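Two complexes, one shared chain (chain A), two partners (chain B, chain C).
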Partner chain A sequence: MSEQEILLSVRNLRTLIKTANGTFSAVDGVNFDLEKGKALGIVGESGSGKTMLSMSILGLLPQTARISEGEVFLNGEDLRTLSKKEYKKIRGKKIGTIFQEPLTSFDPLYTIGDQIAESLKHHCGLKRSEARIKVIELLETVGIPRPESVYDEFPFQLSGGMRQRAMIAMALAPSPEIIIADEPTTALDVTIQAQILELLKDLQKERNVTVLFVSHDLGVIAEIVDEVMVVYGGQVMEHTDVNNLFYNPAHPYTKALLKARPTLTTEGKRLRAIAGQVPSLEARPSGCPFHPRCEQATEKCSKKAPPMTVLENSIRVACWLYCHENEKSGEQPNV
Partner chain B sequence: MIKFILRRLIQSLVTIVIIVSVVFLVLNLSGDPIRMIASPTASEADLAQLRSAYGLDKPLAVRYVNYLSKVAHLEFGESLRTQQEALQMVLKRLPATLVLAFSALVLATIVGIPIGMLAALKKGTSIDSTAVLISMIGQAMPVFWIALLLIFLFGVLIPILPPSGYGTPAHLVLPTISLSLFLLAGIVRVTRSSTLEVLSQPFVNVLNSKGISEHLILIKHIFRNASIPVLTQLSLQMRFVIGGSVVVESVFGWPGIGQLLAQSAYGRDYPVVIASTFFIALFILVFSMVLDIFYGLIDPRVRVWK
Partner chain C sequence: MCEEILSVKDLKTYFNSRTSTFLGKSPSIRAVDGINLSINAGESFGLVGESGCGKSTTGRSILRLIQPTSGSINFAGRDVMTADKKSLRTLRREMQMIFQDPYSSLNPRMRVLDIVAEPLIVHRLAKPSEAATKAKKVLDHCGIPDGSVQRFPREFSGGQRQRIVIARALVTRPRFIVADEPVSALDVSIQAQILNLLQDLRDEYSLTYLFISHDLAIVRTVTNRIAVMYLGKIVEQADTSVFFSGPLHPYSRALLSSVPRETPDEDKKRIILTGNIPSAANPPKGCNFHTRCPLFTEKCKKIAPELIPVSKGHSVACHLALKSSK
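Let's turn to the complex of A and B:
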C-alpha cells in the first residue's frame, strides 16, 4: 500500500450527533487510506454510519452533527483545518458527489445543462458558451443520447436512469480527483443499475478517478470496487480486498452478511437473516458493537472493543478472534 | 405560453358572466328597491309607475337578458339614489381602491417574504420565534381593530400622520399598514414553511456538494422554489384585500369602491352594487391571471405541460 500515492486518508475520525437524549457517536474512530485511482466500497446495514462517514469527509454534516476528533487528509492537506470558504473550493472541484435519489437531486426549476454548467462556471471560471460546449461533451461521455437537446431539458422530462447519468456528469464536471458515490444505484431498477455501474467503472478507468462507493448492496459493491470496508455501529469491522471479502471473509459480521445474501441455489429456502437488529445510535452496546448479535462472541467482546488486527493479505479486521492469534500486530486501537 | 394565456382569458370571461349572474339573482331576492326609494305614503299606482320607469315590471328572465347585454356594454344605469351614472361613480372611486390594495400587497410581500425566509433559515432561534409570534398576532387581530389602534397611536397620541382622508402619500400610510398586516402575517407563515420544505429537499444537499456560493443557492434555487406556495397564498388572500378594504375604507374615510359598495348595498342601489361588484370581480380576475402567468414563468412544469 505504501508504494502507491495515497489520495484520501482518514485518521481516527469520530463524528457526534446530538439528539434529544444526548450526544452519540455516529462515526466511531474510523481509519483508512485510499490510493489514487482505486475504488473503495463502504458496506453496512442501514444505520451503520456509512452515510455519516461520507458526509463527514465532504464537510456537509447536518447542523446537529459535528466531527469531534480525527483528521481527513486529501492529498496530504488536512481538510479539518480549512475554513468554510476554503472547504467550499474543495467540494465540487476536488471531491465530486453522486447521491442516491436522481429524482430529487436536481432543482426542478432549472434545465439539466444549467445545473451542470453552474459548477463549471463557479470552479473553472468558464463563460456561458464555453460551459455549454463542455457540458454537452460531458453529457455525451456519460452516454446520454442527443446531448444538445437534453442540455435544455428540465429534470422532470428525463427518466431516472438518464437523470442519474446527468448527475454523474455533474459530479465529473470540474474534473474532481475523487468521487463519493452514496448509494448511486439504489433507486434504479436492475437493468439501469448495471448500466450505471458499467459507466462508473469505465469512467474510473478512463479518467483515473478515485471512487469512494457507499452501498448496502454487496452485489453492487462486487461490481465496481477494489477494496471493501465493512462498517457496523460506526466502526470499521473489516477492511479487505474485494476477492477476500467474498471468498475469505474474516470478521463474523462479514460472514453473517454473506450468508444473508439471496443466491440462485437458495431459491425456495428462507433467507438467513442475522439475529437481532442494528442497534440504534442511542443504544450502542459496549465493547464490540456487533457482540450481541455475534454467534462467536465471548465475554471479552462485551467489555472492550477489539483493536484493528492486520492479517496476511493485508486484511484488517477488528475482532478478538484474530487478536488472540497475533498479539503483536495491532494497528491503532479501534476504541 | 400564449396558448396558456388565451385559455386563461376564456376561463376568466366565463367566471365573470357567472359572477354577474349571481349578483343579479341575489339582488332580486333581496327585496323591492322601489319601496326603498319611494316615499312611504306613495300609492300603488305611483309605485307601479316607478317600477315601469326602471323596467322592473318585466319578467325576471327578460330583465336578466337585458341586464346581461347592458353589462356587456358597460351600461349599468343610473344610481337609484343619486341619479348619477353608476359607471361614473365607480370609475371615480376605482383609483383610490387600486392604490390602497396595491400598496398593501407590495408592502406585505416585500416585508413578509424576507422575514419568512429568514425565520426558516434561522429555524429554532429567537429570530424564528419572533417571526412566528408576529404572524400569529397579525392573523389574530381584526382589521378594524388594527385600524383604530393605528389611528389612536399615530393620529391622536403622537399626531404625525393624518387619521383619515385621501390625497397625499401621508394619508396612505395608516390604511396601507392596516390592510397589509393580515396579508403580511399569512405571507410570513407560508414563506417560512415553504422555505423549510425546500431546505429539506435532497437537491439542496446536492447544490451544497457542488461547492457553489451560498448566495447563489439561496437566491437562485431556494427562493425560487419557495416562492411557488407564496403565490398561491397571495391569490387566495385577494378576497381578503377586497373584504378588508371595505372595512379600512370606512374607518379611514378613504373614498374607494369598498366604501361605495357598502353604502349602496345598504340602500339597495342595484346599479351601483352591480357596477362595483363587476369591477371588483374584474380586478380579482386580472390579478389572479397575472399570478398564473407568474406560475408559468417560475415553474417550467406548469409552462411545458400546458
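Let's turn to the complex of A and C:
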C-alpha cells in the first residue's frame, strides 16, 4: 500500500492519422503519470485529440491511425510491445472501458447478463452458474432494480441511464485496475447524468479504482476527478489538480475556456467568447496550437511550441508566458 | 408592460404511434399536452426540459411545421392555427426557425450566398439581383465575411455554419424566432460566440425569441422568462431570475440541482431523482411527475395539478408547492 504508486504512465506519445490529405498527428507528444486510486480528467473540445489519446492507451485505434512514437506503461508493463492477443487480455482484465453511447456498445443480439458474464468466464475462469451470480451482484451494485430479470433482457429493453449502468457493471466485472471512461454521461439527460456521476463517485471511493475520465464538460470534470489535463490541438496545455484548474488556472486557453462557459450565475451577462475557430486536424497552426486565438500570443508562440514548464504548485503548463529559456524548465520540450 | 406577440392556448400535439397492438388501436403519444404560453415582443423566452418532454414539438407546432392536434395559436393578432397555405407563407416570413444541427440543416449543394438569398426570392421580397446584396449584408452581420459567401457549407466549421443558419433565418426580417437548441452541437468556446451573436441580433433586429434548450446554464444567460416542461406539460413558469433564485416545483428543483457544479467545492445539495421519464404514450395518472417525485402524496396520484400563479408572473403546477409557498 505505498502511497505514490504510478499505475499508468504515458511518455511522449504521438499518434498519427492518415486522411485523404496526408498524415497528421492527432496526439502530439503527450506525457503524464497517473497515480493509483486517483481520477484524472482529460478535457478538450472536439478535435482536440482527447478520444484519440484514450484509444491509443487502449490499443483500439482505427485502422487509419497508428502510434508513431512514445510509450504507454501500465503497472510498469510496456503496452506497446504486446501482441494483439496479449493486449486484448490486458484490456479485458486490467482496463475497464465505458463509452459514450451505451446502445451501440452492447451487442444487440445477446442479453445484458450474458455479455457481462462473458468477460468473467473468459478472463476470470468462472463457470456459467458462478458468473451469473457475480453478474447479478454487479448489476445490483450499479443500482439496477430487479437485477435477476434484467440479466435476461436485451440492451434495447433498457433506458439510456440503465444501459449506462449496465456498461459500468461490465467495466467493473473483472475488477480492473483502471477504468477509462470516454464521455460516459454525454448522451444522457441532466437528471440521469447526476445519477450516473453519483454512482461513479461512490464506486471510485468504495473500490479505489483508478479512473481516466475523458470529457468536454468542465462541470462534469469538477464533479468527479482529482486532477485535470487540458488538451488542445493534440497537445497538453495544462496539467493541474482540479481546484487549481478552477481557482488558479495558468494557461491562457484554460482561463479563456472557464470564462466562455455559461453558468447558473451569468444571467444576462455577455459571455467572454474565444475568437476564432477550433483548428481542424489538418490545419493545426505551427508553434503553440492555441496562438491564433490567444490574447497574449507573441511572435515566439507562432514559431515554436512551448515546452512543458513545472510551476511551484506542481502545475504543468505548456506556455511561453511561464517558460524563460535561461531558467531551468522542468521537462523535456515536447516538440 | 409590453405588447403580446404570441399567444398559445391549450396547445395539444399528439402523434399516432405506428406499431399497432393486437388489441386494436395503440395509444397516441401526447408530445404536447395542453400548453399555454404568452410571449411579449422583445422577450427571450426559454423552454427547458429533458429529452422527450415535448419542447421541440412545441416549437415546431407553433410554427405549424408539425400540425397540432388542437388548441389556438395567435401571432400578432393573426390566427396561425387556421391559416391556409397562402397566409401561412406570409406568416412564416415573420416567424423563423434556427435548428440544432448546422450540419444537416444546410443544403450541401448550394453556395452559402444562394442559401441565404433563397428565402428572399421564395417570399418575393427582392428581385434576384437585389437578393444577393441583401443576403451579403445579413451574412456580414452574422460574421460571415464577403469573401467567403461563394463557398459551400462543407467548407465551414460548425460555428460558422450556425452563423449561416442564423443569417438565413434573419434575411426575411422576421419578428419572432424559434431557436431549437442552437448551440448544443457546438464546442464551448464557439457556443459563447453564437450566444453573444444571438443577443446582439435581438437588439439590432428587434427580435423575440422562443429559446429551446436542455441546458439550464445557457437558458439563464440568454432568456428573461422561462418555462419548464415535463412530459408534454409546463410544470413551472417564471421570470428567469426568480426561477433561478427559488424554483418551486419539485421537478424544477431536481433539474437545477442536477446541473454539474461550476467549481469543485461548490456546496450543492443534490436531489437525485429515481427512475426514468415515463413514456408519453402512457403517462401516469394524476400528476405526470408523481412516479419520480420525492414528495408525492395520495392526491398527486389521482388529480393532475393545474398551472396556478403563486406570485406575479410565477406559476407552478404542483399540489404541494402551493402550500409551501403560502
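Criterion: the second predicted complex is superposed on the first by the 328 of 335 C-alpha atoms of A that agree within 3 Å, B and C clash if a C-alpha of one lies under 4 Å from a C-alpha of the other, contacts with A are read in each partner's own complex, and residues count from 1 in each chain.
The rule is short, and it goes like this: a residue touches a chain if its C-beta (ideal position, glycine included) is under 8 Å from a C-beta of that chain, and two chains touch if they have at least 3 such contacts.
Just so we're clear, the structure is a prediction, and the values are computed from it rather than from any experiment.
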Overlay on chain A: chain C relative to chain B, clash or fit: fit
Partner contacting more residues of chain A (chain B vs chain C): C
Chain B versus chain C as contact partner of A:108, first or second or both or neither: first
Touched partner set for A:99, first chain B, second chain C, both or neither: first
Geometry of the superposed three-chain model: angle at chain A (Cα centres of chain B and chain C, steps of 10 degrees): 70
First, second, both or neither for A:223, with chain B first and chain C second: second
Which superposed partner A:45 touches (first chain B, second chain C, both, neither): second
Minimum distance between Cα atoms of chain B and chain C in the superposition (Å): 8
For the chain A and chain B complex, residues of the former touching the latter: 58, 60, 88-93, 95, 97, 99-101, 104-110, 118-119, 122-123, 154, 156-157, 167, 170
In the complex, chain A residues that touch chain C: 45-46, 159, 161-162, 189-195, 197-198, 216-220, 222-223, 242-243, 246-247, 256-257, 260-275, 277-278, 280, 293
Touch list for chain C against partner chain A, complex: 50-51, 157, 159-160, 187-193, 195-196, 199, 214-218, 220-222, 224, 240-241, 244, 254-266, 270, 272-273, 276-277
Touching residues (chain side chain B, partner chain A) in the complex: 201-203, 205-213, 216, 220-221, 224-225, 298-301, 304
